[in-house]
Amino acid sequence: MAIDVSTLLQILFWGLYAGCIYILLATGVNLIFGVMKTVNFAHGELLMIGAYVTWTLFSLTGLNPYLLLVATVPVLLLFGIAVQRLAFRPVLGSHKLNEIFLSIGLIYLFQNGAAMIWGGDYQSLRSPFESIAFDIGSFRLPLDYVIIIAVTVAILVGLQLLLRRTRLGLALRATSQNRKAAMLSGINVERMDMLAFGLGAALAGAAGTLWAVSGQVFDPYMGSVPAVKAFAIVILGGLGSIPGAIIGGLFYGVAESAATFTLGGAWKDAISFVVLIVVLVIRPTGLFGERGE
Amino acid sequence: MPVAFDRVRPTVVWIALAVALLVPALASGSLYLLTTASIALVFMIYSEAWNFLAASGQGSLGHAAFFGLGAYASALTASRFGLPPALTILFGGLFAAGIGLLIGLTCVRLKEWFLAMVTFGFAIIIQTLMVSQFAGISGGWDGTAAPALVPSSVPFAPYVQYYLVLAVLIVVLLVFRRLLRGRVGLAFAAIRENEVEARASGIDPVRYRLFAFGLSACVAGIAGALEIHQFGYVTPEVFGTDISFWPIIYSISGGLGTLAGPLVGTVAVTVLWEGLRGVGLTYARFVIVGLLLILTVIFLPSGLVSLPRRFQAWRRQVEKGEADVPVSDAEIG
Amino acid sequence: MRTALIAIVIGLLLVMACFAGCTQQSVPAAGLKLGVVASMTGPASTTGKDVWQSAQLAADEINARGGVFVKSLGKNVTIQLVQGDDESTREGGIKAVTKMITDDKVDVLTGGFSSAVVTAHESIVADHGVPYIITGASSSTVTRRTDINTSTMFHHAPITDASASQTTIFVDEVMRPAINAKFGRPADQPLHLAVIYQDSPFGKGALDAIKATIAAKGLKIQLVAEEPYKMGETDYRTTLTSVKAKGPDVVYPIAFLNEEVPMLTQARRDVGLNTIFLAVECVDDPDYYKGLGQYGDYSIIESRFSAYAVPKGSINANVGEYQKDYIARFNASPGMMGAATYEGVYIAAAALEKAGTTDQAALLSAIGSIQVPEMVESMRNGTISFGNQYHESQFNLFMEQLRWDAATQTLRPKIVWPAELKETEFQIPDWYRPGGV
């Protein structure tokens, strides 16, 4: 079978798109971990809620879903802050396992709460740009995916600016590097926890919106598989490392695409996890090392 | 998390045992109730296994992997080689233990969240492998048949089945009690609370953690095999996340780290679950269970079994005239 | 206070005992008790509701006409339905069926949807020898198991083999000549078929059946691609790109509704795979038409019952009436599983009349030898019967082509094959490119 360049490029392109979603998810997980030193296992559910919120807004207003990002992201930000305040803050300081178990409870709550609000059936969204595509030879570049990649880049750049150029970002980084010192220098670490979780949720919400807009169907239970992959990426790239999340996410997206092309779709998920196990055995702290405790 | 392994008064144990023995009679000939009770017993064994691992400070989010592997190993050896289930169930446990040790080796030096993520993902990996790469052996999504635990030719088979599972549960409880009350239990507590100090006092966390992993996986595998031989058929759904999460819910609501916790939790949540179903709630049932877990973790971290002691402590306070002072966990002991 | 702990334990047991009592349904003695296995909760609950509602419709119709005459009792008796919620899980199915058999003491069982759930509870049914008219489950294993006695199981739903086989025949008989004619190819040019199948017994079974049919009948079809995907997948772009590179004339996905919708959409919209897509009957549901929208234009579904199409021929009037009655009573469109269950209830009633008694052995023998005229689904020789070796009834499956109406913004099916049922001719759209170019 002759594989021509345009097919390979196409496969790469789809991998890039998938990578964007993973990057946003993994970055959110790492942001939360960096500050709170806990892994949010209900992160996939935040992705799902983001998709549903955008879908609801779209059904109500009919506005361009990309514009609706401007609305969905703040909603998820506030939601994340609320969840952190109500659920995670009370168990702060108790055994780490408690936070993990709390996340499990949240998974049940979010999945079935979503099913109660929006029904358990599959939903999908249509982008107004869906029929626009650029054809470069036999390489096809639908506009939506270009926008999705651009949006992801924009969000990441924005996040970097927030972390590096603002006082808030400085406070977040200080808290994640040394919590006690941050506290001593007057930073309200509990507020940083809320903010970190909120930002992580906002990133997941954006990922959910992009997921929905690209025409992937979603239902209340779709969050678990992307979440597991996000964890694998986080381990691969290094827990707490945002550059690790970005590179890891890209790598995963492309690897999955390549695996589907060569080995068949049934191997798609298994490949991700095999990579995970190999990394764990060789270098347990991931490519970029583990930050924090 | 509760520090000490609680000591239940012997009277309570005898009463609980008597009740367990009488359940088939109480079920008044309803096969449905008896089956539900037998399944509940299996989940008690499974929850005890998970709980044992959690007592060593390792919270596995993918215990369904061991439950399912034990089930498959037992089902396949029983139907392929015609061995009696009693033997294959043990084999299933050992097989799961072996895999458990392998996973343990990768995670045992790492933090809690690594274990959680790896076990979470591992259950999915095993499921994927079972339905694709190993489909030839496992029957893929179709699954494979398993001979009944007690053949229907035996008179009163469902009752015999129930008592067999109950016997296994009692053995498991005795083994765990011995371990948790002894050196192992103390070591677990030390590792859980402060690993550095534990190491300083000569306890090797890695060795104990591995041990916990192997034994926990073994018992979980036995539980899985027991369930599957009752159903007569095993399918890859056995590796699902809900199977991974039930022992967590049962153990935490009952009392994490205690011996009675998983038992009480299983009974309480099962009754709640079946009761809610009668009222006809679909998704709301799961929401309620999720809320139960969250509220328990926040407000009642020592679980239902700590209620009597809390009540006792509260009463002591009332007698001392300090009813307004909140009861601290330290006083509950 | 340890007594508090005791009190809790005893209290819980009392509650459990209460459930034992409360759930004992006191049902009147006379009548045929028909247990309906339906997924009222869980992921399959929409189908379950359809199954239960259709059963109710059938039972009420029969009872309204005076019930069923039972010779041994010398009078008419009513059909009493008992609902068994399998919760879309194996454990739930086992619990529900156990309860229906041992507590409610049903005479006959019907329903069932997921093959996995059904296979899990079959052993209980077999142990008690209860007749089970399975109106769902596409896997042939339900009546072909070698480890338990399936002689009391009757499969009233087409097995995957039959669906795949019929579709393949349609491809060779209708699609291939039409494509060859339109693009000036020689009449005996083989058609290039790509199969994208779910990595499961459902998908693999269909793929095997496709290959077997091609071989057995010497069809001029060449399989140019066989791409598996994991169940529940939502992103098919890479797989579709791979398939496109192999130049298929027709693509045959073996997929569920929630998989085929994104697959087809991504194929036409993102990957530019401008070809005709087939589909398995399990997608034939209003949600499919809504989800696909314009991208489903000219695609094909193999089916046996549709909410929107009424086959010509002998069952035309029946189907129209059934749809009308269902919509009037439940304010929703009837589905395929419900249609089969509706017939299942009637089969049970007919068997009761034929047997003349509610005795289990007589009922079993009656169902095994019964000949019921077709009702809302077209059957081979116009009858529902379980005469074959594996107690499988033989359906007359039809192929629908979907057409998009830009004015009303709806996608609707029209039956194009076989000749005795068809409403219109199969058409090739202008945007179609053979070899998927």
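Order of writing sets the chain letters: A, B and C. Residues in each chain are counted from 1.
The rule is short, and it goes like this: a residue touches a chain if its C-beta (ideal position, glycine included) is under 8 Å from a C-beta of that chain, and two chains touch if they have at least 3 such contacts.
Here the structure is a predicted model, which is why all the values come from computation and not from measurement.
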Pieces of the assembly after leaving out chain B, positions unchanged: one piece
Identity of the chain that, by mean CA position, is farthest from chain A: C
Centroid spacing, where centroids are CA-atom means, of chain B and chain C in whole angstrom: 38
Chain A and chain B: spacing of chain centres that average the CA atoms, whole Å: 32
Residue numbers of chain C (touch at least two other chains): 45, 199, 230
Touching two or more other chains - residue numbers and ranges from chain B: 128, 132, 282
Multi-chain contact sites of chain A, meaning residues that touch two or more partners: 120, 225, 266, 269
Chain B residues touching chain A - in the complex, by the definition given at the top: 1, 54, 57, 59, 61, 106-107, 109-114, 116-118, 120-122, 124-125, 128-129, 132-133, 192, 241, 245, 248-249, 252, 256, 282-287, 289-294, 297-298, 301
In the complex, chain C residues that touch chain A: 43, 45-46, 199, 227-230, 232-239, 241-242, 245-246, 257-258, 261-262, 265-266, 269-272, 287, 291, 293
Complex contact set, residues of chain C against chain B: 1-2, 4-6, 8-10, 12-13, 15-17, 19-20, 22-24, 40-42, 45, 85, 89-91, 94-95, 98-99, 101-103, 115-116, 119-120, 122-123, 127, 139, 141, 145, 147-148, 199-202, 204, 230-231
Touching residues on chain B, where the partner in the complex is chain C: 8-9, 11-12, 15-16, 19, 26-28, 30-33, 35-36, 39, 79, 128, 131-132, 140-143, 145, 148, 152, 231-233, 235, 237, 264, 267-268, 271, 274-275, 277-278, 282, 304-305, 307-308, 311-312
Chain A to chain C touching residues, read off their complex: 1, 3-4, 7, 10-11, 14-15, 17-18, 120-122, 124, 126, 130-131, 133, 135, 140, 142, 144-145, 215-219, 221-222, 225, 257, 260-261, 264-266, 268-269
